[in-house]
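The structure under discussion appears below in the form of structure tokens.
When the chains are written out, they are named A, B, C and D in that same order, and each has its own residue count from 1.
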Amino acid sequence: MSQDTTNASNNLGWDPIDPHGINPHDEAHKGHFVADWKMQISILVILLVFTVLTVGFYNLEQWAETAFEITLPKWINIAGAMSIATVKAILVAAFFMQLKYDKVLNTFVMLFCLFCVALFLGFTMIDLGSRHLVDPERAPPIVAGGTGVGLNAAPVDKKFSLILSPKVNTGGSNIVYYARLHGNEEKPGLLYYREKGDEASFWKKFYGAHASGRDELDERNFYEQLGFTTGTSISDSNASHPRYGLTPGLFSDVDPKTAESQDDGH
Amino acid sequence: MMQTLASAQPDILQKLIFGETPAPSEAAAWSDGLFLMITWFSIFFFVLLMGLMVYFTIKYRRRPGVPAQPSPHHNLLLEIFWTVVPSSSLIVMFVLGFQGYTSKVVSPDNAMELKIQGSKWSWIATYPNGATSPETQALSRVVDNENHTVIEGKQYPIFYLPENTDVKLRMMSTDVIHAFWIPEYRTKMDVIPNRYTGFGFRTPILTPGDTYVHRETGEVMPGRDMWVFCAEYCGDDHSRMAATIRIVPQEVYDQKMADWSVKLSPIDAGIKIWTQLCKTCHETDGTRLVGPAWNSFKNADGEFGFGYDALLEDGSSVIRDANYYRESILDPNAKIVKGFAPAMPSYQGQLSEEDIDNLIVFIQSLSDRNPNAGQDAGDAEEAGSDTEAGSDS
Amino acid sequence: MSTLEANAGHHHDEGSYFDGPPGMMARIWQWSTTVDHKKIGVMYLVAVLFMFFLGGMAAIGVRYELLDPIRTQTTEFVNAAGDIETVTVTTGESLKELMGGMFGEGVSGSQIYNRVFTLHGAIMVFMFIIPAIPAALGNFLLPIMLGAKDVAFPRLNLLSWYIYVVGCLFGVLSILLGGVDTGWTFYTPYSTTTDADHWRVVLMVMAAFILGFSSILTGLNFVVTVHKLRAPGMGWFDMPLMIWALYATAIIQVLATPVVGITLLLLIFERVMHIGIFDPSLGGDPVLYQHFFWFYSHPVVYVMILPGMGIISEVIAVNARKHIFGYRAIAFSSLGIAGVSFLVWGHHIFTAMGELAAILFSGLTFLVAIPTAIKMFNWVATLYKGSIVINTAMTYGLMFLFTFSIGGLTGLPLATLATDLHLHDSYYVVAHFHYTMMGGTVIAFMAGLHHWWPKMFGKMYSEKGAMLGAALVFIGFNLTFFTQFFLGTQGMPRRYANYVDEFQTLHQISSAGSLILLVGFLVHLFVFVQSLLSGDKAPANPWGGLTLEWETESPPIEHNFHKEPILKHGPYDFETTVPPHWDPKDYPLPENAGKH
Amino acid sequence: MTMIDTDTSGVPARILKSPMHWRNAKHQSHWRSGDEEFDAAKFGMWLFLSTEVLLFAGIFCGYAVFRMLYPEAWANGSHSLDWRMGAANTAILLFSSWTAANAVRLCQLDKQFWFKINILITILCAIAFVAIKFTFEYGIKLPEGKAPGTFFSYPYATDPHEPLWWSLYYIGTGIHAFHVIIGAFLFAFVLWRAHRYQAYGPTQYTLVENSALYWHIVDLIWIFLFPLLYLIH
């Protein structure tokens, strides 16, 4: 890079037409690339065909699973969908975005960016997937702490607990098939029953027949909110669960009201 | 058996860097040695670079009319040399560091497991027999004999460990991320709410010089104290989240285990929970900390203590009965006493029903409206068992 | 011996970029709507220095608090009646006594301390050190050094300044509302749960998010400028090393910052909606946040240090009147650092991550040491057989070599797994990154500021005053932070307002050092103000530099050059070229010039 | 730069003389030529697109990590989505991508009318995409209780980690829909300028090109989001 300065005047060392020496023979200097409409429309058709393919593949798989109970290994599903997506992405980038006809630099920018994405995903997954290696106990997840607003915890804010989410015992089958089987999925869930004014019977059916129950208290409290009892008796001690109001105290109390109700409890 | 890089007798540099006491375990000594090795490596290169810099700066200082002497603009061999030589020593560092890491993170199968629970802002250690340590000591203790005063800081738990034993920590947090750091073992690990983390160490064999002073009796006992600090920032009292690990002879440890597994009376059990969890924020002598104090008293903010009305943020008032305390423990933000921040975490899932009951008995005992007043200890215990019966019904 | 023909004659008919229309309002309007990179650079400089002042005050506050540990103590004493009384007192709440009213009632000393150190970290990282060199000095210098009239997208440049200001306003607003206590890293789940009934934390996170956009746009602008706007004749390897450094910096800014954008966005969602991605109670992973955060924030430490390294390359070469040793090695090591910076973020999480990942990241982390070491050797080798003058910029340059090599070498035990388990999150780390960030970036920034001050403002400054300031900064800095290495190894954790008794002496030395540091910077402030008010007119090329910015006047004219400059010599050809605006008689060239 | 000599007889003089008209537009003074300016703008746009990709990388990373940890929840979540809506939106975006590319081509050829029509179709596609997303997806899922994080209250949930899936679904598709809306505004601006001034033509179409590039990257991200969310289980 130290230039021979003595003859700098007659040998500039650079091309006056293309001072940066970036693209000495690039088309761009004579006019920008104009795409061919036939090519563009055929790319669109190919992309749509690929979309149909990937959706078809998905449905085929579903059909095989429901009709013949053939469950393909997971990687086939992932590899199929992702490789089609990759091909589609390459087509869009190369032809619609004209990377094929553009400067190599732009392609390089995208590739380096994808390399960073790969690093990011790869290393993060290595960490989260390998925590159990030395000591199996160190694998996630155990659930505690944080905001404390998990589904099982006492709500910090009442607005988070408007609708409870009990567990459904599906007997091991997939929830969607289970729901379809029982005809519940077709109707839009809770809201449907609430609007029809038939919610009580829904929950009665729900708890009576299917629910294994996320939390006994949730069930009971939900029934209470709806205005009827489940018939299950819950001890006073448990009833003082703080989620939906309080129950009598445990020791002889200063407040006569709570003392009374404690007597009732015994 | 791994060979240590550091000598058993710490030299001056080692003392300057890591303090007077020698490393308590081989793994710690190894990492000290590695640190010193890296330090010497660094000193070598630092002196080399700075020496050359100062020498050049003086030798080639600018003199009027004297031009800079031409010299090569680059020298590939030289550049390769000073790239490759330090790089290869980096490989050595990596390998040794990896080795030391393994010895800290992996512990033998027969190691004694100590469960550590971190929460804002205290540590609880649970021993294999289910006991937890009720003993505490202060960060600093000054006895002023002339004025008959004792000055003590906040109380921190003491975790007793037997000498010459492999210990494995299984740690978990109940709220935010903490880190359990034993500086003398040169190891820390984050304590995370969604999984167990841990490391291991071997307690040293006590030497005659290892002693501590018993807090109450003032006796000099054999043992070795080590600080534990929370190293991951966790909020207001992060800097007060400390504990002591006390290495004691096996028989002392066994005695402690035997003592602690005795069932406590409700009030004592309450005191124990208070010391472990609540004391950071609630005093019992009327002092205002993050939360209100628990004893009964009156001041400008209103009345405090069991049986008295609490003034709430919204202007209403509610009587402090057992229910109030129960709710405040499980759902602390439901009722906030006027003038205090909604800072308390929920203890849902951390305290059993019995724990809560015991805690309430203790809170009641602090009030002059104690409903259990007049009953002796036996009665208090009866009250406790009554409740248990109640909860079974 | 060709001098440049482009600017052979001085044209004084074209005014400097500083000239403006008469009238205060007209000038304010002109500056606030300008697309001139020089004006934008100066505006950045002013904003950044103001933020440095705020962050510095917070730092002094932190050191003031640490003179004494905050200690709640119980005293038993015998009262007049002969009974034993117990009194609980809290001592050492220095900051609370000083400024407790600012944070409202019922805030404890520890809480104030937590807010002040968060303030220091957040301001210094997001609002000072990231934009300091690239956005302030870089904006001013990059186009001139390339021989261009402006950056590639001047309006975008102005936009990124405004975004920066809006971001700063968000941050300051959050402070005025009472400050945040999350630490500048916003670690979950603490940051999503603390201060739950307030918007302060969200505001601060928003500030960091907005500042990220400013950083991206500046980086994008610089990358395109370097690619497309180099002066005729300037190939990639004719660029000054400052440009290489800024180029590498810009690449990191463009590629890393979007990740922190989405991270902070997720954090805001997490806080206001509890979406659960980082919340363990919903199955989220709090350490995932740390991965997200450090994927940006590790590369970003090179955004902070790389431009500093660029400045040092310039300052040392010019003041040693010497061709930089191993130009290509330095240029490629800048790119190398940029590349490797994306591979090593895990070393911030060694104590929280799985063992396999920790080992992987430890190995990769050592890679960073190599390009940095190459640079150090090259800078020292550049001094060999030079003609070295010690002015303020050069003093800071040599100071950089001293402090930054300490900072770099003390990083080795942090990359080594076994020792990092001890040193992580201790004062050792605090000392290490202050040696790299303050001893590296801030000192390089001071070197650059002194080196280009005459060019930027057209005024010389008092060399004696500046040297005094530099000496004070050097002493104060080392006193403040060298002690902290020992605090760390002996067991003092970070972010502690309360500590055990044996650490107090070292803390007090450190606090004393911080005062000296403050005085040093005040001396510099005084020198700069005095220079602006009554400094001598600066010549076009006071130090004899060969890069293009020395060919135009001081301060530069509106469009930088009278004629588009054509590059005829390399940036460091001191042996063969008489610098522009210099008399060849005053500038002896070596006898056997041009042989190398 | 090739000057395509197009027929300007039908264009009113008011527009032809406007400084905004593409024939009258000049490059900024710090560039040597309009060509270089165009190249730089395009390069800058590609850099910006790479930042967009990295922005979405955060969501993809969250998806990948939690999919690895909670495969059951992910399978359930993906089964709860309606692939027909996803496929319809994919087709809409692909088609609009084609019209955007077409718009660039027609602009290069100075076919102003068809150029504007193509831009208009692209905007309509954007609106259709967002409308489908909001009415047939969010509008149905949210009342069922399939909401993000703690708002989740779907009664048939079998896995406790399903709220996480919905969080990522809403944030991923939400941020994507936000990008679609930005793209629509960008094209609306282009359309307005094209209509008002004929601002874009063979020598002056930087903004058209860059808007189209932006639109394609939005499309690209959806090409990956679609199988990840709807098809992989």
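Everything below uses one rule, namely that contacts are C-beta pairs under 8 Å (C-beta built on N, C-alpha and C of every residue); 3 or more make two chains touch, one makes a residue touch a chain.
As the structure is a prediction and not an experimental result, all values here were calculated from the model.
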Work out the mean Cα position per chain and let me know which chain is farthest from chain D.
-> B
Chains sharing the largest count of C-beta contacts are B-C
Averaging only over C-alpha atoms, locate the centres of chain A and chain B and give their separation in whole Å.
-> 37
Mind checking the centre-to-centre distance between chain A and chain C? Centres are C-alpha means, answer in whole Å.
-> 38
Between the Cα centroids of chain B and chain D the separation in whole angstrom comes to 52
Mind pulling the chain B residues that touch 2 or more other chains?
-> 73, 105, 175-176, 193-194, 197
For chain C, write out the residues touching at least two other chains, lowest number first.
-> 189, 193, 196, 227-228, 255, 259, 274, 279-288, 291-292, 323, 327-328, 355, 596
The positions of chain D in contact with two or more other chains are 39, 43, 47, 50, 54, 57, 61, 65, 69, 150-151, 160, 163
Chains touching one another, given as label pairs in label order | A-B, A-C, A-D, B-C, C-D
Note which residues of chain A are touching chain D in the complex, please.
-> 19, 28-32, 34-35, 37, 40-41, 43-44, 47-48, 51, 54-55, 57-59, 74, 77-78, 81-82, 84-85, 88-89, 92-93, 95-97, 102-103, 105-106, 109-110, 112-114, 116-117, 120-121, 124-125, 128-129, 140-141, 143, 149-152, 155, 160, 162-168, 170, 174-176, 178-179, 184-185, 188-191, 206
Mind listing the chain D positions that touch chain C in their complex?
-> 28-31, 36, 39-41, 43-44, 47-48, 50-52, 54-59, 61-62, 65-66, 69-70, 73, 148-151, 160-161, 163-164, 167-168, 170-171, 175
Residues of chain A touching chain B in the complex = 2, 131, 134-135, 137-146, 148, 153-154, 156, 235-238, 240-243, 246-255, 258, 265-266
If you look only at chain C, which of its residues touch chain D in the complex?
-> 148-150, 152-154, 216, 220-221, 223-224, 227-229, 254-259, 261-263, 265-266, 269-270, 273-277, 279, 282-285, 288, 291-292, 559
So, in the complex, the side of chain B touching chain A is made of residues 73, 105-106, 170, 172-176, 193-198, 306-307, 319, 321-323, 326-327, 330-331, 333-334, 345-346, 348-349, 353, 357, 360-361, 364, 369, 371-372, 383, 387, 390-393
